[in-house]
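Common to both upcoming complexes is chain A, partnered first by chain B, then by chain C.
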Partner chain A sequence: MLDILVSGLLLSGTYALVAMGLNLQYGVARIMNLANGEVLVLGALAAFWLYTTAQVSPLLTVILVVPVSFIGNWLIYRFLLTPLVRRSKSQGALEVDSILATFGMSFIIIGVMVSIEGGFFAYKYLSEPISIIGSTTSLNRLVAFLIACAIGLALYLWLNLSRAGVAVRAVSVSTEASGLVGINVPRVSAFAFALGGAITAVGGALISTFITLDASIGVVFTLKALIIVIMGGVGDIRGAIVAAIILGMVETAVATLVDPGLTLAAAYLIFVLILLFRPQGIFGRRAT
Partner chain B sequence: MKPAGWGELGWAAVLVVLAAFLPLVANGYWLSIGVTAMMYIALSTSWVLFSGPTHYISLATGAFFGVGGYLVGSGMSDYSQSFWLMAAISPIVGAILAALIGFATLRLSGVYFVIFTLGLAEMIRNVVSWVQNNFLGSRGLYVLTDLRDQHIYWMLLVVAAAVYLLGWFVSRSRIGFALRIIGGDETVARHVGINTATAKVILFTSTGFFAALVGAIIAPRWSYIEPNQVFSPQLSFLVVIMALLGGSGRLWGPLVGVIPFTIIWEWVGIQFPNQSILFIGLCFLLIVYFLPQGVVGRLEELRARMRRAS
Partner chain C sequence: MIRRNLMKLAAAGLLATSALIAGPASAQDVVKIGAIAPKTGPLAGGAVVTQWPNVQLWVEQVNARGGLNVGGKQMPIELIEYDDKTNPGEHIKLAQRLAEQDQVDFVVAPYGTGFNIATAPIYGRYGYPMIAVSAITDKMEELTERYPNLFFTLGTTTSFVDGVKEILIEKRDAGVIGNEVAMVNVADAFGIELADRARELLTEAGFELVYDRSYPLGTPDLSPVMKGAKDSGAKAFVAWSYPPDSFGLAEQAIIEDLDVAVYYSAVATSFPAFVGAYGNKIDAVLGAGGTNVDDPKIAEYRQAHLEITGKVPDYWASANTYAALQILEQAIEGAGTLDRDTVTQYIKDNSFDTVMGELTFENNVSHTFWSVGQWQDGVFRGVKGSNVEGAVPVRVKEGWAE
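Showing the complex of A and B:
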């Protein structure tokens, strides 16, 4: 029981981080990015590849991944998604277009990753056991959790205290209104999309230290991140953290008590409950 | 989607009759391509039935298809039922499943629906594998029948024709009109008194019915069924590509996409087996950036422009 609580909590740290990345992309840049999981797996592949070929510590890779994925995602937004934003007449049309376009990107990323590494991204890093309040877990899980918390906290403070962070939050509330008060909406959107992608890739590099991934697993993480974002309410960081903890706990409980193969089914069960009873998110208010 | 006329129905009847002769003139490789193409025609036409007017991208096809194929396999191997009984049960299960999913997701905005259907096939595959490993024992299921490729082809042709006929009636009926308004603007639809959720759920149920039926009919072709194979994650995406490539604005749009795509897809699978995923990705980008209305939409646009010029 204690094992479930501890490993569920540790797992939820990275989940929350990844969901924050998606929140920036969907809540601020208004792009439903279904290639999110693939960006995560790209981060994992970078960690795996650098560790096995050059013995680069995954923790160092985390730092290297940030600028690369930031620039990559910025270019994607600027050149592939901006035309869609411009041509869309409504939010609904943009959603359909961005869903199809990001599907395309996700398959291209998978195709490229398969040609780099077709098997599992298996490597061992910091896998010695440690004991936390009477429960045994591995060191890499704890390290990943702490880094995820640190990044998440930094992001939260930046969004709430800095001037640029306020601009980002303003765009997430209303693109029209923030344009009227002199915020450069396209620039902020591109920045938020790129930042979200970078955070997702970092999350992937962290996850790869304790979960073995492969090139085609991305869609599962896309789903989990989306479920967390919906459960927490779009644009709500506090909600996303609570939702990530719930998902991490439930998944770990199902994996240990029933069968590890059923974690996705558990996530779906939560998803259905949320859709039926609180589609506006845990802390969200019902739209009138 | 525009309402379909009587002329279109006549053309469809001629095409169905012509298509019925294919097994008499083709065999081996081309017949097997024909079966695959007919499978995708039935699947993508039923996809367009719902997603064409509403613009809701459904990725649940693979899930229903897998349920159909798996039920046939499990029913015949684990419970020794006849193929025909299982083929009759499968679409009903598919329809019930679709109705439940529709009830949970279609009352909300379209994004929730897409997300929900995205992992659906994978989730059902996990549950099915778990049930089979823990309670049923065997992993592979045998589907042994006397049905040959041409029989499967004719059955699929009948299904495709039935889907088309249903779509033809729907597009001329009140519910088809309601769906077009929903696709145009959902808020408007609600304000003029359309029960948007019910209309969407009914149509989505029909796609679940047909996808499961197609999965059941195609099962004898494999003779050996594994959950990993029938719940192929790619199937849903291929159906979306073919339907959108042809154009989801017309009921016969998918037909234009399926036939060339099936042939190209077979070719890519043989020539570049490792790059097939990459190819799917490129197709999606091609659709979004160059053919947002599909080939049919592009042709109609050109025709309208020519008429204006003359």
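Showing the complex of A and C:
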């Protein structure tokens, strides 16, 4: 039982890292970013590459990755996605356009990554056993979990307590109305997109310490992130975290008690149930 | 008068066109070789280790020698390569393009069991001999009967399970393990086929599968699987696994300090990245494949691979992949023609001198291959195989310390 709790919580941390960034990008900037997983793998590649060529600690890479991916994602939003935002007549149109644009972008990122490292990003960092309340786990998972908690908490406090955070939430509720009350919507959207990208890349760098990734694996993470964001409710950081915990706990419980072969089935079953009974997501607002 | 002139003109035109068509064909001075394999997608991580560097190595070496000697004429190789994105549909489209548009003379067989089987009809239709390497199945007889252009070189499902079974029996007889075996497999065609066969063969041999579970491809957290295997108390662990999870299982085994005397994981255990990630902790880990690094031919091949491609070859199918290209080379030169039917027949009738030794085909299947290898002091050595020399004794796994 304790094993399930510990492993499940740690896996939830991984899932939260995967999904929090997309939640900001989709919830606030209204960009359904299908290159989310590729940005994550890019963060992983940075950690792998710096560790194997220069013995840079992945934890240091995590810090380096923040400004680089923030600026990179800001530039992507500013020059690639802003024209789409301006041109779109409705949110639906923007979603379709952004799906196509970011889908294309994902191939470019994959191509760049393959040219740097086509094989597996195989390295080990902090791969030491550690015992938590009698259950063995690895230090790297624990570190990733703690950082995920810190990011989640910081994000939650910032969104709820700071003026800028409130502006971000306002944009996520309604772009028109927040524009009317004097919020600079394009700037807030660009900021949210860039911040989301930075969180995703940090997640990738952390995850790469315990999961062996390769350049093409991004789509797996995009799918997981999509499920979590939609389950939790678009644009609510609490939703993403709660959904990540549900998914992590259920997958671990099923793998331990029933059969590891059924983890995916269990995850999708919950997803379908939530869509059936609460289509707006756990914390989502009902569309008016 | 006008009519006659027109006739003349038409005749001249006809002559000119036929000269144009015939021109390049008769003046062909390169051999076009097509290669399609993943550079992106789930199988890319394996293909960029095992498949692509060998294609590059072989083409560069042949061209450095001045090309292939086709009936007394030296013809360099022109390589045309495509990324199939690990998508069989994409591969078949590209195969058609190779045949129709690029008009390549020969092809390199695809990467992956499913891909070789899925593309056998299309390559067969154009008459290309396909010397498959990264393809393991028990249906070889049926497939080669249906597709006479298809050759297999890496062994059957049963031979891989047999290798593991022999080791388990040896270790049971030696008293290091009991009858209990913990077995897991990745839930895709490859893992399921191997696990099914292993279930039969191991039970027949008197083993009891005290833990027998599958997990989906790309499972992010394999700790429940490893905890389950550990709790079963078995002293032997067998995983029919694929690249990302072979790494993940080893990681969890180290974390859980899995107490076993025999630890086996299938694909990617033989990759240089595996020892790169875990160092000495994975000493005495068994895996699919193996090689004999002391064989001078293999040593020379590994050196050239590193020098030309800048990459260390894996300790399994890399050498077989290169050997398959050597077979193609020797068959083209031996047949002295680019005619595909003649070359295919030549492959069936002759034996070939390769880095894997002397290879011959019996009903399109070569029975020279390694099935199980083991990491011993930083080198993955072959411990079980068929018609190969240099197998070393199997060591017992003693803990996961550095």
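One rule holds for everything that comes next: the second predicted complex is superposed on the first by the 266 of 288 C-alpha atoms of A that agree within 3 Å, B and C clash if a C-alpha of one lies under 4 Å from a C-alpha of the other, contacts with A are read in each partner's own complex, and residues count from 1 in each chain.
The criterion applied here is as follows: a contact is a pair of C-beta atoms (placed from the backbone, for glycine too) under 8 Å apart; a residue touches a chain by one contact, two chains touch by 3 or more.
Source: prediction; values computed, not measured.
*Asks:* Sticking to the clash and touch definitions up top, decide whether chain B and chain C on chain A clash or fit.
*Replies:* Because the two structures are overlaid on the shared chain, the partners are seen to clash.
*Asks:* Figure out whether A:Ile71 sits in contact with chain B (first) or chain C (second), or with both, or with neither.
*Replies:* neither
*Asks:* Touch test for A:Leu146: chain B only (first), chain C only (second), both, or neither?
*Replies:* It touches nothing on chain B or chain C.
*Asks:* For A:Pro129, decide between first (touching chain B), second (touching chain C), both and neither.
*Replies:* second
*Asks:* One more residue to check, A:Asp97. First (chain B), second (chain C), both or neither?
*Replies:* After superposition on chain A, A:Asp97 lies in contact with chain B alone.
*Asks:* Mind working out whether A:Ser7 is in touch with chain B, chain C, both or neither, as first, second, both or neither?
*Replies:* Touch status of A:Ser7: second partner only.
*Asks:* Between chain B and chain C, whom does A:Ile110 touch in the aligned arrangement: first, second, both, or neither?
*Replies:* After superposition on chain A, A:Ile110 lies in contact with both partners, chain B and chain C.
*Asks:* Between chain B (first) and chain C (second), which, if any, makes contact with A:Gly119: first, second, both or neither?
*Replies:* The second partner, chain C, only.
*Asks:* Applying the touch criterion given at the start, work out whether A:Asp259 contacts chain B, chain C, both or neither, answering first, second, both or neither.
*Replies:* both
*Asks:* Would you check which partner chain A:Leu157 touches, where first means chain B only, second means chain C only, and both and neither mean what they say?
*Replies:* neither
*Asks:* So which chain C segment collides with chain B once the two are superposed: 188-196, 206-214, 242-250 or 386-394?
*Replies:* 188-196
*Asks:* Would you tell me the residues on chain A in contact with chain B in one complex that are also in contact with chain C in the other?
*Replies:* 110-111, 114, 216, 220, 259, 261, 264.
*Asks:* If we count contacts the way the header does, which residues on chain A are in touch with chain B in the complex?
*Replies:* 32, 34, 80, 83-84, 92-93, 95-97, 99-101, 103-112, 114-115, 216, 219-220, 222-223, 226-227, 230, 259, 261-262, 264-265, 268, 271-272, 275-276, 279
*Asks:* Can you list the residues on chain B that touch chain A in the complex?
*Replies:* Touching chain A from chain B are residues 55, 57, 104-105, 108, 110-112, 114-116, 118-120, 122-123, 126-127, 129-130, 134, 186, 233, 237, 240, 244, 274-275, 277-285, 287-289, 292.
*Asks:* Where on chain A is chain C touching in the complex?
*Replies:* Checking each residue of chain A against chain C gives 3-4, 7, 10-11, 14, 110-111, 114, 118-120, 122-124, 127-129, 136-138, 210-217, 220, 251-252, 255-256, 259-261, 263-264.
*Asks:* State the interface residues of chain C toward chain A in the complex, per the touch definition above.
*Replies:* 39-42, 44-45, 48-49, 52, 86, 184, 187, 213-216, 218-225, 227-228, 243-244, 247-248, 251, 254-257, 268, 271, 273-274, 276-278
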